[in-house]
Amino acid sequence: MERDAIRVTVWNEFRHEKVDEAVRKIYPDGMHEVIAAQLRAQKDLQVRTATLDEHEHGLTENALAETDVLTWWGHMAHEEVRDEIVDRIQARVLEGMGLIVLHSGHVSKIFQRMMGTTCYLRWREAAEKERVWVVKPSHPIAAGIGPYIELPNQEMYGEHFDIPDPDDLIFVSWFEGGEVFRSGCAWARGLGRIFYFSPGHETYPIYHNPDVLTVITNAVRWAGAAANTAVLPFQAAETEPLEKLSPKSLQ
Amino acid sequence: MERDAIRVTVWNEFRHEKVDEAVRKIYPDGMHEVIAAQLRAQKDLQVRTATLDEHEHGLTENALAETDVLTWWGHMAHEEVRDEIVDRIQARVLEGMGLIVLHSGHVSKIFQRMMGTTCYLRWREAAEKERVWVVKPSHPIAAGIGPYIELPNQEMYGEHFDIPDPDDLIFVSWFEGGEVFRSGCAWARGLGRIFYFSPGHETYPIYHNPDVLTVITNAVRWAGAAANTAVLPFQAAETEPLEKLSPKSLQ
Amino acid sequence: MERDAIRVTVWNEFRHEKVDEAVRKIYPDGMHEVIAAQLRAQKDLQVRTATLDEHEHGLTENALAETDVLTWWGHMAHEEVRDEIVDRIQARVLEGMGLIVLHSGHVSKIFQRMMGTTCYLRWREAAEKERVWVVKPSHPIAAGIGPYIELPNQEMYGEHFDIPDPDDLIFVSWFEGGEVFRSGCAWARGLGRIFYFSPGHETYPIYHNPDVLTVITNAVRWAGAAANTAVLPFQAAETEPLEKLSPKSLQ
Amino acid sequence: MERDAIRVTVWNEFRHEKVDEAVRKIYPDGMHEVIAAQLRAQKDLQVRTATLDEHEHGLTENALAETDVLTWWGHMAHEEVRDEIVDRIQARVLEGMGLIVLHSGHVSKIFQRMMGTTCYLRWREAAEKERVWVVKPSHPIAAGIGPYIELPNQEMYGEHFDIPDPDDLIFVSWFEGGEVFRSGCAWARGLGRIFYFSPGHETYPIYHNPDVLTVITNAVRWAGAAANTAVLPFQAAETEPLEKLSPKSLQ
């Protein structure tokens, strides 16, 4: 059980914080720094950050090779993420890197790529109340969370949410305006684990909410737990028989 | 229950049959014609075929718009399938078209696109025995099939198979050489339904096997059943609240 | 496709209607008669009813043997259902009979038996609004239903709902009082298919709602589709090897 | 992450070892002692054993209250397990205790109770080869295991295996005699986690195999991870609205 620390890269588009005063007030150093601060407080996690405008979006081959779990927040600049970086992230997820996709990352290139669907949803920005209910309390991502998390002001994300059925549906949200949403969903893809968590609109202080931070921390540990597997990265492999085959007659 | 016929397009790469005498002996008119003949014998199905070398691979906008279920067999020319046609097929699946992917279609562009994974697997061509076991007998795709289907000579496809967990795992195969394989897997994606079925190597008369044909026929009906839904194709939709929102104070 | 009609038994506890004037006003002949009338209007269904106070609750060996799908509504008299009848229903489900459990049937003996969990939930009777959202629109049980069904007055059933993860989660409900609920859930058990649908409190005219009736009709067809399988009922079976075993040395 | 040790109770029927010389040679102190020795070597686990012939089968209220994960091996005396003890175990699983069911425990009262199905399967005792393939390599229960585990002599357990679809299918076995089997299956039930693992016939030294012991150790940690949840044990709970309800008109 003395395992190495889980190496986390907290990725943020980091644009709203530069152009929108209201967002900067909530996240003066960018929302990645608030998320990273929470994770840095955990002894078993080793944390770095990366943002869109860095060289190769801060996600070089080396950087990803040394990342066990990548968290992703993007919104206004999804299209600026370069396709070859998306290819690289996908390959690393399939090799075992965890991927935590937050809020508006639902239509990021990487999430759509991993899902195979549009990931479209209904939405509305009206500062309304969201209540995030636990529906799979046995899941470690829900550890320490009560029956629900209440967020007084949130952007509404509603069904139908065009995703593959999750392997585990952990949270379902209620919205004041009348909608529901599958707000916490987990999947395995290749050797990697993916978790989508919808709370997080940039104009409300969602990532200052302790329960939201607990869920993200739990998710990082859950996704990082998959990075130890002994199975090699996938390849289409021609393989010798393990048993003696009978003589054939195919004439 | 008086519904319109399910409109099926049987797609085949149709190359092996032109260049390989052994394959032509088994499928003189192409394997699509053998599959189509089986489906044409069903009163509730309306069947056409399409192949790679036709205009737009036989999959024009119109052709796809009039297809409820598309079956797919490809192998040596996956790379020749044009990306814009793959985009088009993906969009139609998400709108509700069924997709039945056969055998070596596991690494077709469209299947990898829908899955988000490599879909790689172990393989071996040694004419060995495969026994396809039913593991979800309540599923309509298994209707009429006994405990297993035995195929005396097959290409081996073995685990690990790099796919998302299926919504329904219906068949698991045993191979003489010592491997197992999740050989019949069903998923929903968007409004569409996808079924992968691994039997079908071109050098063995797999698509002349009555049980294999029954499974394909069942799968077409199962996937076609989803094409009637009243929900519109997906769009990212900003939406008015259904309930009256409380006054907010976000200053 | 010319299959025999699906034989449905609509089961009702039929007690509230006898003792509660408000319920009798909504369902003068019992709610089973309203559900049965809907199903009798379908050409492919053959319908009978059964109630708690009949001999063997109307569920004799013969009656169940001739039932492809059983719908179940109970509430105030769950404990009066005899255990040997519950055993009999369970055995028939495992043999392939469909089971549609409605509303307060969530704590019926048969549903708890099939699930292995308490099936407990939060509840409140306050005539509040429920909005039943479609979350798996590709599923045939959702056919013909729009984005949601709105029920102006319903008993609240809320999470956490102590059930096994459904094979398919088709509906999730929003409640005016702030809760969400997995209101339409499908499972396979043995050769049979089970669907739970929560709308249906006896003091509101829920089973007069056309969308609710459509869902029940769809569910009966979906569950009835499993009744044709060729696999025999289960038995623990010692079995001869299908392949020649190698000589062993276990000394 | 400084969490308390996971408290494990290794339960064994402990009858074969007393009456069958061949079994005693392999497991002189009972197979529970071999499993317990492996688990005792882990710093994060605290281990005790219990057997059928102890008072209350060694599973008193107190003993279970202090158990985070229970492992179960039984075969010849399933019927002697008292029903009130089965009730007690079920209640503890739903409260969050993990349950690891081994081999012939597939028809134990507690496993059938949790599953709701017969759990029947095909079987044959012929000392044949089993190869346990990993099909979900991202799952922590597969950590440290290569593509497969090979067991030279095993009892055959084959499909169809009458269980609910697992939440996670982790292992699928190949048998020399021609069958396949879903040999490693995980479910959540209530707040608890259940893992079934089929290797383990008493007349072969299966629990001396290092890979088999690794899987059991992984499974104990995985199931124990669920025991920390903050959600209270389930109860059917009438509950006040979280939102103000609108005035109703139900006249």
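A, B, C and D are the chain letters, set down in written order, and residue numbers restart from 1 in every chain.
Heads up, the rule we're going with is that a residue touches a chain if its C-beta (ideal position, glycine included) is under 8 Å from a C-beta of that chain, and two chains touch if they have at least 3 such contacts.
Computed from a predicted structure; not experimentally measured.
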| item | value |
| --- | --- |
| Of B-D and A-D, whichever chain pair has more C-beta contact pairs | A-D |
| Length of the line joining the C-alpha centres of subunit B and subunit D, rounded to whole Å | 36 |
| Centre-of-Cα separation between subunit D and subunit A, whole angstrom | 31 |
| Per-residue multi-chain contacts in subunit A, two or more chains | 131, 134, 136-137, 147, 158, 160, 165, 167-168, 176, 178-179, 188-190, 231, 242-243 |
| Overall pattern in which the protein chains touch one another (line/ring/star/complete/other) | complete |
| Subunit B-facing residues of subunit A, complex | 90, 94, 107, 113-118, 120-124, 126-129, 153, 156, 158, 160, 162, 164-165, 167, 176-179, 187-190, 204, 231, 234-243, 245-246, 248, 250 |
| Touching residues (chain side subunit C, partner subunit A) in the complex | 131, 133-137, 147, 158-161, 165, 168-169, 172-175, 178-180, 182 |
| Of all residues in subunit B, those that touch subunit C in their complex | 1, 42-44, 96, 131, 134, 136-140, 142-147, 167-168, 176, 188-193, 225-226, 228-231, 242-243 |
